[in-house]
Each structure stands twice: as C-alpha cells, then as structure tokens.
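In the two complexes below, chain A is the common chain; its partner is chain B in one and chain C in the other.
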Partner chain A sequence: MNWSTTTIAIYGLTALGAVAVYLLLPRAGRSARVAGTLLGLAALAGLVVLSLRSFAIPGSEDFYFYLLAVLALTSAAGVITQRKAVYSALYFVLTVVAVAGLVVLLEAEFLAAALIIIYGGAILVTYLFVIMLAQQEGQPLYDRRVRGGWWACVAGFLLTATVASALSDFLLLAPVVAPPMTVEVANTDRLGLVVMTRYMVVLQAAGILLLLALVGAVAIVRKRYPHLETVERPLPAIGQAGREAAPF
Partner chain B sequence: MVDWLVIQFHTQLGFSIVLLLVVIPAVLTGVGYSTYFERKVSAWLQDRHGPNRAGPLGLLQPVADGVKFLLKEDFMPAGADRPLYILAPMLSMGIAMLGLAVIPWGGSYQPAGLAEPLQVQVAGLDIGLLYLLAVGALGVYGVVLAGWSSNNKYAFYGGLRAAAQMVSYEIPLGLSILVIVLASGQLRLENIVEQQTALWWGFLPQWNIFLHPVSFIIMFTCVLAETNRAPFDLAECEQELVGGFHTEYNAMKWAMFFLGEYTHMIVGSAFMVCLFFGGWHVPGLAAEQTTLWGVLLQLAVMGAKISIFIFVFMWIRWTLPRFRFDQLMRLCWKGLLPVSLALALVVVVELFFNVPRSYWSLIGEVGVVAVALVAVSLFRIPVTGRQWYLPDLDNRTPLRGGSV
Partner chain C sequence: MAELSNYILVGALLFGLGVIGFLTRRNLIVVFLCTELMFQGVVVNLVAFARYWGNLQGQAFALFLLVIAAVEAGLALALVVVLYRRRGTLDSEAWNSMRG
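And then the complex of A and B:
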C-alpha cells in the first residue's frame, strides 16, 4: 500500500479528532472539555489547511464550503457530546441546516429544501417532542454519561479515516470538474425526470416500505381491549354523531 | 457619487438591497400597527372603543407599547435554561422574517434604457415555494424551546402542544400547496403569480381561487394553525395554560414572540395571496405594469390583499371559540389530510388528461368535497367531536390500596 503524505495526514488528523471527541464525551466525573475543544479545533484547522493545500477547487463558493463544513462537523460533535438531550437535538438541527447549505452549493436546491422540511421541520421536532415528554424531571444517571465511548471513537476514527483517504486518492488521481450544464432544464425538473424514469422501481419500493412501516406502527400502538370489544352501542342518528352530550 | 448610486440601483443586487431596506421597516411597522388593528377589531366586534388615548384615534398606541416593552424590567425565571431562554424569541422572530425574501411584492420594474427588467423581489429563487415551506417548518422551534427552557409546567405544555400541532398541520398545508404546484407546473412564486394575470371572458382574472377553492380553504386553515392563531392557539390558551409558552417571558423578549407571530401572519397572507389571489395582479388590468407608477400600484394592491387577509385572521380570532386539543388533531388527521390527499390525486388525473387549470379543476374540487360529505354522513365518520364508536376506555391505573 502506498502511504502518501496526504493519507498519513488524513489518518493523523482524524485520530486527533477522535481523541478530541473522546475527551469531550460526557462522563460520570469531569470531562476534559477544554483540552477536547482545543484538540478538536486543531484537528478541524488541520483538515481545512490540508484540503486547501491538496484539493483546492477554484471557485467563489470555497469560503462558504469551509464555513458550512466546519459548522456541520462541530455541530455533529455537539450532538454526541452534550449532556442535555434537548441540546443534542438542537445541534442535530444545526447539522441538518449546514448540510443543506452544502447541498445548495452543489446546486441541488430541491434536495436542500427537502432536507430542511423533512429533517429540520418534521423529524427533529418529533425527536424534540419525545425528548421533552420523556425528560421533564432532570435526567437519570444513565442518560448523563457515555457507555462504550472508547470503542465508538475508535470505530468512528477507522470509518472516517478510511473513507476520507480513499476519497482523497480518488481526488488526487482525477481532479473533479463539475459537469457542464448542457441542457437548460431546471434542477427540480431534472430530479423529477431521473426519479420517475431511472429510479422508478426504487421509488415504488421505498413507497411500499414506508406504507408497511406506517401499518406496522399503527399495529404496534393499537391497544386491544378484549373484554370491552363486545360492548354494543346503538348507532347515533345521522347528523347526531358526537352530539350525545349536550353542551349546556 | 449620485450617478454611481443610480447605476447600482439599476442592477438586480442593488435593487434587492434597496427593496430589503424598504420591506423590513415596512413589515415591522405593519406588524406594530397590526397589534393596534387587532385591538381595534376586537373592540369593534365586542362593541367597545378600543385604544383611543395615545394620539388621535389611539394611533400612537404601538409607539407607546414599544417604549413600554423596552423600558420594562427584564428578568429571567430561576431554573430557566439560560441560553435557550434567550435564543427562543430570537428564533421566533428571525425565522419568521426569513420568509420575506422570496415574496414577489410587485411584479417587475422596467426603468427606461435598461435591457432586463428588475424583479420587485428580494431573491427570485428557483424553489421559492419550497423555501417558504422550509422556513415555515423551522418556525416551530422558537415556541417549543421557549416552552422547554422556561422551567414552567404551563409553558412546557404550551410548547408540547405547539410541536404536535405544527407537525400535524404541515402535512395538509404541503398537500394543498402541491395542488397549485402541480396545476401550474411551477415552483417559482413569481411565475405562479404571472400565470394568474390572464383574464377569462375579458373580465374575470384567472386567479387560482376560482379553480381550487377547496385547496384554498384547507391552506387557510393550516396557515391559521401554523401561525398559532385562534381557533388554533392552544399553545397559549389563557384559560388552561396561563400564557402557554410565553408565560415566563416579559418585556422585549415577550414582544419578540408577537413580532414573530404577526410577521408570520404577514408572510403567510402574502403566500396565500400569491398562490390563490394573483399576488400583485390588479383585477381591472390585464397585463403586468412595468412603469414606476404601475409597480407602485401593484405594490399597493398586494398590500391591500394582505391587509384583507390579516383582517380575516382577526375576525376569526374574535369570533370563533378555541378547539379542544383532540378536536384539533382529529380535524387535521381525519378531516384535512384525506381531503387534501384526494385533491392532489384529482389534480394528477387532470394532468394526465392534460386539462390542468380548466373548469375540470373546479369540478374535481367540488366533487371531492361532495364525496367527502356523503361519506361522512353515510358512514358517520367522526371528523370532529367525540369518538362515539369506541367503547368507554378506562385507562386509569388504580393507586395502591384504592380502586378505580
């Protein structure tokens, strides 16, 4: 295997980031938050310098790319290093917004809007709802500390480092050039065309999967009351449904 | 210097910046006077005078209120989550104002000697409509976080209710907008408006309200719910929750929630005006006016249409009683959601037969409502009210030593 300096740098910086995240994880005792923050900032700065030196892609959006990428990474670290679950959910929202910004830089506005509407607007509000419902009175001990943090950091380091170095080899071999816009079709139209022609089967399969999940969720939450199901009640007259209790 | 400024004004960026500097103060003033208007409308509906002490007709009341908000003592409840407690009103107001960026306020302006007309819009996005939806979807965080961070049970319940309500009403809102998107084939708000400027039989403007009245009613209901307005203001209902999510807020932080709510109302009204009432289109005039006076007229017409909507919001608030929470949920999931799904399906069928935006749209919409009414009355589907068909469920858990 050919260990180029770039690969070594990527491995080193990712390891630094992993150590930083490990130090930041909430523990029973005191977490080394200052040291973790400093190490994490150093790792981020190193990654930014490395990508500026090695894969500088000319373009005016470079600054925004680095801004949004750093925001996404720091808020993703915030998701797992916060003690309060509500803060974790909020950092998750920030991650989603930053990633949506990155997607906008790739000129995929529809995807960005969908990301914010679905993740930021619906799923994370539901998370927040559940977290708030479950944790009204402080937090139990087992929610305030991390378990298996060491292994999680090692696994995360390995995954990130291998994927990043593989991508960097690919980028070094052939600098990515954005394909020129040949057809004057709006972004959303193109997405629709691709989804409804090339990925039609996948789309249908995803739809069926979601429907099954919905039915499953209803089946799980539905309570059965066998001793009550035999109750016979007279049907109310047409137009009188729900009016059996007089308001006054 | 003046020449340079004039040249910059005649580029889209410069024009957008000037427009932004005009729109934000105008909307904030409008928000201030909406609070005055709200109190006047409630007074008229209740046979009172309303504010009439500060200035002629009480017109300086918003100024007096603003001064009061700024000068009040700003305290924080003990045990509040400090960062989120401060962040919540900022989110509430900031996110509501983001929506102003994509509203087409007055068509396009063509100064003499310029090749391209200037859009009277801060940012003409390809996905303007989705942007508005996304911004609206993020709007709930202010209320939810206010409820959570105040360390108050009533505020907390207000936040929970707001979260459940907004997530639910987002779905029929999106579906009723989808009807217009499919029928017009556009995601740019300005194109949707332009499509509505033609006339039928030489006098009737081709506004979407005439084609999709039911979608409009659903969207209007959902916008009421999204802006937390009565009869959907369960997050802040005084009788049950003191003040709901803003129980623990005072001074300017409290005011920011209401600036946010009224801004949200203005953006929501502008959104509905653009989708269903032809945006800046002046009913008497067939084509778009691009002269200075024409654009000013269109801006005035847009403002008038938005004002009418805001008046209707207030009229509803002071007329209808509030929903109960289970009625609110049932109305959304069993009433609005199936109907709006059916409407989207009908539009797809119209597209298949290549007759969108024709009298078939109206027939389809009315047909869906007729079928829904027949189904509700024949099968006795409870859309609101009690679930009478369920047996009496006794979910109470007996306490130790007691009995249910």
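And then the complex of A and C:
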C-alpha cells in the first residue's frame, strides 16, 4: 500500500472527525460542545475540499451533492450526540431527507419517495410512539453519560478511514463516472418491472416476513403470560373454550 | 454529476457514525436509531453502485432493505417495550447481567 497524499488526508480528516464526535458525545464533567462542533465543521470542510481536489468532475449537480452530503453527515452526528431521544429521532428525520435527496441525484426517484414515506413516515412515527411511551422524568443518567466513548470513536475511525482510503486508492486509478442515462421509461416503471419479474420470489418472501414480524411483535408485547400465572383458572365447559376470550 | 467515490465516502461516514453511536449510547431506543443510521449508509452505497453500473439491481436490493428495516424496527421496538416494562428503565446497563 502506498501512502499517497489522498490516503493521508483521508486518515487525518477522519481522525479529526472522530475527535470531534468524541468531544460532542454526552459525558460527565465539563462538556466541550463548542470545540467539538468547530472541529467537526473543520473536518467536514476538509473532506469537501479533498473531494473537490481529488475526485471532482466539473458538473452542474455537484453543488447539491455537497449540500446534501454535509446535511446528512451533520444531522447524523446530531442523532448520536443529542441528550434527548426525541431530538435524536428528529435529527434522524433530517438524515433521511438528505439521503433521499442524494438518492434523487442518483436518479432513483421511486426509492427516494419510498425512503421518505417508509422511514420518515412509518418507522420514525413508531420510534416516537415508543419514546413517548417510555418517557422518564427529567433527563435520565443513561442519556447524559456514554459508555466507552473513546474506544468506540477509535473503532469507528479505523473502520471508516480504512474503507474510505482503500476505496479511494482503488478508484483514483480508474475514476468511475456514471454512464449517461438514455432510457425514456420512468424509474418507477423499470423498477416495478424488475421487482415483479426477476425478484418475484423475494417480493413474496418479503411479504411473508412482514406478516411474521407483525404477528411476532404482537406476541412479544402481550401483557399476559399464561404459563407464568399462579392463579388456577377453572377449565371452560366443553364447547365453551374461547367463547369469552378477552382481547389482549 | 459527482463521482462514485464521493457517494461511497458519504455512505462509509454515515455507517461509521452509526457504529460509534451503537457502541456508545446507553438508551436502547437511540441504539436502534443508530442501526437505522447504518442502514442509511448502506442505502446510499447500493443506489450509487446501481447508478454507476447502469442497472436496477442495487435499487431493488435497497427496496428490500427497506422491508428488512421496517421488520427490524417493529420487532426491536416491541422488545424495547417489554424490557421497559420489566425494569422500568431504558438503560442497556440494566441488562448487563446477560453478558457472557
């Protein structure tokens, strides 16, 4: 492996970002949120400059790409550093919106709409419901202290920097440029055709999986545990079993 | 049109942030939010590769990934509700007797 300038820059900027995330994580003692924010913004700006210098191709959509990428990364940092779970969930909505924008730039419009509807709509509402359901008084301790922040930041830095530098080494040799899109058929039509023909079995399996998860979730959160009950219930008369079953 | 490595970099950084959050946060709900964050990084990668190969397989894969994410969210939140009922807290340290 040759240590090109780009590799060293990627390692340095990722390390800077990891330090920023470490400073931003909720910890005991004095918080260093201002320093963490400044360091994180510096790391992001460095990454943008590096990307412009090493990878960029002059084009019209690049501005939106950098805008959406910076938005996605800052809101993702917000998800993991906020002290309140509700704020984490709301920052995650922002991440989903930014990622959907990136997906639109990649000309996958149906998937962008699906991301917004399924993630921003359905999944996040479920999360918010559970957050409201399990609300605790004030700010509990487990939201104000992280566990092993230093080692986790080192692990995340190593993972990200290794993947990014390996890929950049590989891609700098032969820059991969997107082929121009020449199809007249809409993305939704083409994707629907592929899913309904080539991936038909997978689609059916996905439906069965969703049904199983639905039944499983209801079975998990049922409040009564019949095998744990100590009170003997009288056996129902013959032919009457299940007639007066109470709802869950 | 930005180059492929830009999108891969964004995906890797989103995944790395999710890993850091998953390892450090103690609130069970936030831990599962961080897995969703990792899913977002994977979605960016899949769609970017689909675009640059010029076919739709990555997009179809990302669509099924959304199904898996929905299933995971439903079951995980059901488990969180059960755990909260048992101990009255969302702290994952309350369950550290389960470590081997």
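The rule we apply is simple: the second predicted complex is superposed on the first by the 218 of 248 C-alpha atoms of A that agree within 3 Å, B and C clash if a C-alpha of one lies under 4 Å from a C-alpha of the other, contacts with A are read in each partner's own complex, and residues count from 1 in each chain.
Heads up, the rule we're going with is that contacts are C-beta pairs under 8 Å (C-beta built on N, C-alpha and C of every residue); 3 or more make two chains touch, one makes a residue touch a chain.
If you're wondering where the values come from, they're calculated on a predicted model, not measured in any experiment.
Contacts of A:109 after superposition on the shared chain: chain B is touched, whereas chain C is not.
Chain A has more of its residues touched by C than by the other of chain B and chain C. When the two complexes are overlaid on their common chain A, residue A:122 makes contact with chain B and with chain C alike. In the superposed model, A:93 makes contact with chain B only, not with chain C. In the superposed model, A:133 lies in contact with both chain B and chain C. In the superposition on chain A, A:188 makes contact with chain B only, while chain C stays out of contact range. Once both structures are placed on chain A, chain A residues 110, 114, 122, 126, 133, 136, 187 are touched by chain B and, in the other complex, by chain C.
By the touch rule above, chain B contacts chain A in their complex via residues 81, 84, 125-127, 130-131, 133-134, 136-138, 140-141, 144-145, 147-148, 156, 159-160, 163-164, 166-167, 170, 174, 187, 377-378, 380, 382, 384-386, 388-389, 391-393.
Within the complex formed with chain B, the chain A residues making contact are 84, 86, 90, 93, 109-110, 113-114, 116-117, 120-122, 125-126, 128-129, 132-133, 136, 186-188, 225, 228-229, 231, 233, 235-236, 238-239, 241-245.
Those residues of chain C that touch chain A in the shared complex are 1-10, 12-21, 23-27, 29-30, 32-34, 36-37, 40, 43-44, 47-48, 50-52, 54, 56-57, 59-60, 62-64, 66-71, 73-75, 77-82, 84-85, 89-93. Residues 14, 17-18, 21, 25, 47, 51, 55-57, 59, 61-62, 65, 69, 72-73, 76-77, 79-80, 85, 88-89, 92, 95-96, 99, 102-103, 105-108, 110-111, 114-115, 118-119, 122-123, 126-127, 130-131, 133-134, 136, 140-143, 145-149, 151-153, 155-157, 159-160, 163-164, 167-168, 171-172, 175-179, 187, 190-191, 194-195, 198-199, 202, 206, 209-210, 213-214, 216-218, 220-221, 223 of chain A are the ones touching chain C in the complex.
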